[in-house]
Amino acid sequence: MAQNKEMTVAELQAVKQKSGKSYNQLAEETGLTNVYLAQLLRRQAQLKPHTAPLLLAALPDLTDPLLHDMMTPPLRSYDPNLIQDPTVYRLNEAVMHFGESIKEIINEEFGDGIMSAIDFYCSVDKIKGVDGKDRVVVTFDGKYLPHSEQVKIY
Amino acid sequence: MAQNKEMTVAELQAVKQKSGKSYNQLAEETGLTNVYLAQLLRRQAQLKPHTAPLLLAALPDLTDPLLHDMMTPPLRSYDPNLIQDPTVYRLNEAVMHFGESIKEIINEEFGDGIMSAIDFYCSVDKIKGVDGKDRVVVTFDGKYLPHSEQVKIY
Amino acid sequence: MAQNKEMTVAELQAVKQKSGKSYNQLAEETGLTNVYLAQLLRRQAQLKPHTAPLLLAALPDLTDPLLHDMMTPPLRSYDPNLIQDPTVYRLNEAVMHFGESIKEIINEEFGDGIMSAIDFYCSVDKIKGVDGKDRVVVTFDGKYLPHSEQVKIY
Amino acid sequence: MAQNKEMTVAELQAVKQKSGKSYNQLAEETGLTNVYLAQLLRRQAQLKPHTAPLLLAALPDLTDPLLHDMMTPPLRSYDPNLIQDPTVYRLNEAVMHFGESIKEIINEEFGDGIMSAIDFYCSVDKIKGVDGKDRVVVTFDGKYLPHSEQVKIY
Amino acid sequence: MAQNKEMTVAELQAVKQKSGKSYNQLAEETGLTNVYLAQLLRRQAQLKPHTAPLLLAALPDLTDPLLHDMMTPPLRSYDPNLIQDPTVYRLNEAVMHFGESIKEIINEEFGDGIMSAIDFYCSVDKIKGVDGKDRVVVTFDGKYLPHSEQVKIY
Amino acid sequence: MAQNKEMTVAELQAVKQKSGKSYNQLAEETGLTNVYLAQLLRRQAQLKPHTAPLLLAALPDLTDPLLHDMMTPPLRSYDPNLIQDPTVYRLNEAVMHFGESIKEIINEEFGDGIMSAIDFYCSVDKIKGVDGKDRVVVTFDGKYLPHSEQVKIY
Amino acid sequence: MAQNKEMTVAELQAVKQKSGKSYNQLAEETGLTNVYLAQLLRRQAQLKPHTAPLLLAALPDLTDPLLHDMMTPPLRSYDPNLIQDPTVYRLNEAVMHFGESIKEIINEEFGDGIMSAIDFYCSVDKIKGVDGKDRVVVTFDGKYLPHSEQVKIY
Amino acid sequence: MAQNKEMTVAELQAVKQKSGKSYNQLAEETGLTNVYLAQLLRRQAQLKPHTAPLLLAALPDLTDPLLHDMMTPPLRSYDPNLIQDPTVYRLNEAVMHFGESIKEIINEEFGDGIMSAIDFYCSVDKIKGVDGKDRVVVTFDGKYLPHSEQVKIY
Amino acid sequence: MAQNKEMTVAELQAVKQKSGKSYNQLAEETGLTNVYLAQLLRRQAQLKPHTAPLLLAALPDLTDPLLHDMMTPPLRSYDPNLIQDPTVYRLNEAVMHFGESIKEIINEEFGDGIMSAIDFYCSVDKIKGVDGKDRVVVTFDGKYLPHSEQVKIY
Amino acid sequence: MAQNKEMTVAELQAVKQKSGKSYNQLAEETGLTNVYLAQLLRRQAQLKPHTAPLLLAALPDLTDPLLHDMMTPPLRSYDPNLIQDPTVYRLNEAVMHFGESIKEIINEEFGDGIMSAIDFYCSVDKIKGVDGKDRVVVTFDGKYLPHSEQVKIY
């Protein structure tokens, strides 16, 4: 099963490479966030039926079996060694070092709850800093979910 | 050493609690991001001299030894068990599951480099979703750093 | 901080022990699930303001500082060695061995989403098996959360 | 050996996929819980002789060698990376965070013992919450096993 | 909580040491296996009410609070570093190296099930080998538990 | 090398399966313990020259190369994931939870030494409990080895 | 994807081996540090367009597809077992044992910041010690990056 | 319990320090290997009754409670961080890198068995190399233990 | 023992802090590298007798017991969580990512050997980059040690 | 690369097996220690040019490519699961349990330094114990390396 995922991802990446389009271009053409588009092409998200024609228009080399596969719910996963990559490590470093502060601010501003990672948007943007240099902005935007009080209702 | 950090943080949290102010209020009064303000109060960031008076104005119970301590560079750290907390876990989950996609988009849009976690801003915002429900927005904003080509120049 | 939690939990357990009431009795008197009640008494859940009087009625020895502490959002955590306990291990064993099957049935019956662990109820019940012997029923009841399609809407 | 299991599971999944039936439908036709049915099709449970004809009726493409293999006791196992999947993680999170409470309630209501994971039933159900939204209910139902007092009887 | 257990165990060991009796003697006087007796004195098993008077007769220095504590269900646990001890390591080595063989023999002789570690007896005996040298015999004797077929019966 | 071991084991298991004999039957015919016999057929023990003819008589399909391979000292090993299997886990659980007690009883009854895992016998037996139900008895029988006092004698 | 990297590296190493040139010679011919040159040939760094002709001149057997591949940003990674190699271990040992001292000297001499590992040069040199024996000098030369104060500027 | 061991070791080290004698001197006076003597003074070995007077003669400040404690079988253990120390690491490195070779030579010269770590001597010696420089010689001398063939003899 | 080290280090750091001198100043006054000086003040290196007077001159508050302690060989160690600190992590990242390249260049330029971490110098320097910005230079300078051919000479 | 090493080792072992010679015989014929000879045949040491003819004389089936490969510096490594083998484990156990004692004796007898694992000899010998039984003697003989005082000399 895992091997199938790996093989499908290799095929999807080949289709993208042949198209010569970037994730940003594909995101533009389909109306999705750039990170989500990239997740679709590595089978970390499910392609919704109404989005399939848009993606096919952007990537006409997508075959029917590939599209069919992309529409089934994937087993979300990652290679644990991924954390070695400097870009991924620094994101992880920020999350772990700032995590308790982020949690407490959520508690103060929202209450006893979390930011959902399921009803969730993520995007990468390019902006200019005050020194005119490029900056990367990664936005995590998730629904606030309050911890439910477990009242006996049934 | 670690114990001292723990004790200092306990004192800083007590000062904040007594003030009755939230991180957002303190951030507002000092002109810092809310996450950075929270990091200061758990000794995960260095208090800059020009900011010390602003913080003292916001938290008049800060003693001189506390302020002095806050102005030395801290040993940044976290409790590894922190990842058990649902809020921190979901941030970590997002980073690990979306990490490779974020990396590739940075590569496509900026080149072979990373988002710095040092020249870096982080904030937590509260917005309304299209369904009128609260959403948490965590923004990571770091300088783009290209991997340098290591030319012999010396 | 962790020490404080540990100390608070010790005090809460002493209050319960002195009351001579079981978690089930306390749950009955407060209208909560038995597991949630137990979570409250080890600071793994936040006591809601409207429930505080009910709990105080059930446990009159709860002091104001304890009640106040119980009403702040806790840092959820557990001792990693807890998995050594046979009861906890078997629950973990079931989750890990049945996990992929549970996931696929959720996918088939609900779609590409998860069972929330935040909008979530948990209870422990005692029933009789067909052989007349006691059986433990642990119920996990969580809201279905579909993975959102990350459409650019902002 | 492990490879054989992996290959058998791939074949079993293909048979199911070709049948177009869901785990729930197959469970209905065979009188088993849906989770157990799914476990059978990934060789995490042994097919009992009296159930084989029922399963064959539901999945006529099951070959004799597959049925024969399904009737031998499997080596139960899982991929440790499975915990990365959000659905599995949240189940694990619930078990670890609520584990000590569940244990204590079992102790109070049953005595010094555990919920068996061997004489055990598991099912996934779909219900409506009070807000009319779908909820996932995972039920763990295991025989209560008291820790035996180890009296010298032999 | 853990600290309490550690303190109770220290007190129990002191009572035993003062009595000058070995685990075997105490087991003899109470009719329990020697391992179970030792487990009682480190709070890894629950003292049953009908056994308490026997134990008190054997160890008259046991105080009421100690006896009361011993009669509550303990949180079973161990120090992970325990595996460094050569005696414990060799037991672990045997279990891990012979484990798959033991499992398959159980499958062949009993069916698809396990040896319970709950309805379970353990003892250590001293015998003479054919060369007249001492041998240690550790016996694990657990009820056979067949994996239940999860038929929908409710 | 490891791969060869895996391939040899697969061949040995095929020979056994074709014979239709259980480990117990093979043990009976060769005069070995059932666990040791199983260890031989997965290359976890060395086949002794005087036992080779007995084994060949019991399993006539054993080829010369297989017998030759079985007579070389193996690299003893196991798959770390084996601990996931419920049967193996419960044995491990017993060893870790009872380990310190077993050690202390050995110390009291034998002195400062261990149970050897090299001069060692292991067998699995089926007995009836007082309730008439089947019980699994796993016996570990190892030579007592006293820690030598390291006197300078050379 | 990982496999592709491994295969590309094998081809690059074969090209180097055929050339008979050392990393130092290749570094000399291209004007790069020796470590960076080595990183290029195992796809741990991106080949810059203006350096490609220099490298091709030094290694004429580099094919177009190889050069093209070398010009895409790599996923930086390493085999975790690499730390077993004595040369790598001793570097790691030095970093971990001297790490806190290095950090504090950076704090004293530069301020609250780090040595970048991205705007970074590394080289290996051979010198003679005062005893006339060869010494290895590994130089890490990175830009100083001050932790930014996260002022709200947006 | 662990704390007691730590405290006893601290007292034993203080006695040694006050005596001004090295492990070698103490070993000489008691007729033990230097490593074993050192193990005695950190409670990693049991002091034998006939050696106690010799040790007391060499270290007259040993009190009766200390001697009594040293004569009980210790729980052998070590701090896992010990491997960070360069001396310990290099011993570990040698064992892990040369381990398979050592095993195969034992197999060729002795048969299918091991070097006992229980009937075992260890010493550290100082010799001159051919270049006149000091060399450390660590000798491990253990009884050869053949893996027993597990014949059914009982 | 570890605690004593921790306490000694705390005292040494207090002496340094009171002196108001930086590691660089102290290194200058004693003729040592700055990193080595810092290692002395956290008991990661042994103070040599001929250097003691120089250090005492630079830090007159060093007491005799402290100096005496500093002259005994320390147990070298570090807190494993230290790798969380961004400065230490980036050094570790460089070593792990560049490790295999460094090893191969040492092999090409010196032969089959390593850079010693024992006959070893480490220093931190501040230089200006071509852009006029500060750069940190960490130099590792160790004796080349060839792997000896193990000829039987004794 | 790693795969090549594995393949080379398989070929080298086949050459040895065909020769029918033991490591001891080969060591005798080449004048090397038996462990070093074994290391050569699994590519854990570099074959020196002057030793190549001696090895070729002892193993005439060694091909030129194999000899050439053996003369390049290897990446030293081991399978982490190797520690499961009883022979390797007991060596590791001895090193970890006796490590601190060995370190302190080196400190007392040599000074603040280590036993090199690079300028290092290892051999396995067979001797008779006082009881006439075989004993395994593993000798580790490494150059003493004093930790250098890091004086600024450059």
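Going in written order, the chains are labelled A, B, C, D, E, F, G, H, I and J, and every chain counts its residues from 1.
Everything that follows uses one rule, which is that a contact is a pair of C-beta atoms (placed from the backbone, for glycine too) under 8 Å apart; a residue touches a chain by one contact, two chains touch by 3 or more.
Chain-to-protein mapping (UniProt): A, B, C, D, E, F, G, H, I, J = Cyanate hydratase.
What you see is a predicted model; the values in this text were computed from it and never measured.
Steps needed, at minimum, to get from chain B to chain E via touching chains?
Contact-graph shortest path, chain B to chain E, evaluates to 2.
Comparing the two chain pairs, does H-J have more C-beta contacts than C-F, or is it the other way round?
H-J
I need the pair from H-J, C-F or G-J whose contacts repeat those of F-J. Over half of the residue-number contact pairs should coincide.
G-J
How many angstrom lie between the centres of chain G and chain H, each centre taken as the mean Cα position?
43
As a quick test, compute the distance in whole Å between the mean CA positions of chain D and chain I.
One centre to the other, that is 55 Å.
For chain C and chain E, let me know how many angstrom lie between their CA-based centres, rounded off.
31
Taking the mean of the C-alpha atoms as each chain's centre, how many Å separate chain A from chain E?
50
When you check chain C against every other chain, which residues touch at least two of them?
35, 75-76, 78, 82, 84-86, 93, 96-97, 100, 103, 114, 116-118, 120, 122 - these are the residues of chain C that touch more than one other chain.
What are all the touching pairs of chains?
Here the touching chain pairs work out to A-B, A-C, A-D, A-G, A-I, B-C, B-D, B-G, B-I, C-D, C-E, C-F, D-E, D-F, E-F, E-H, E-J, F-H, F-J, G-H, G-I, G-J, H-I, H-J, I-J.
Spell out the residues on chain C that touch chain A in their complex, using ranges where they run on.
27, 31-33, 35-36, 45-46, 48, 51, 72-73, 75, 100, 103, 107, 111-114, 116, 118-123, 145-152
Across the complex, what residues on chain G touch chain I?
Where chain G meets chain I, its residues are 22-24, 34-35, 38-39, 42, 44, 76, 78, 82-83, 85-88, 90-106, 108-110, 114-117, 120, 122, 124, 126-127, 129, 133-144.
Which stretch or stretches of chain G touch chain J in the complex?
Chain G reaches chain J through residues 9-10, 13, 79, 81, 84-86, 130.
Okay, in this complex, where on chain I does chain A touch?
Those in contact with chain A are residues 84, 86, 89, 93, 96-97.
Report the residues of chain E in contact with chain C in the complex, numbered from low to high.
Interface residues on chain E, with respect to chain C: 1-2, 75-78, 80, 117-118, 153.
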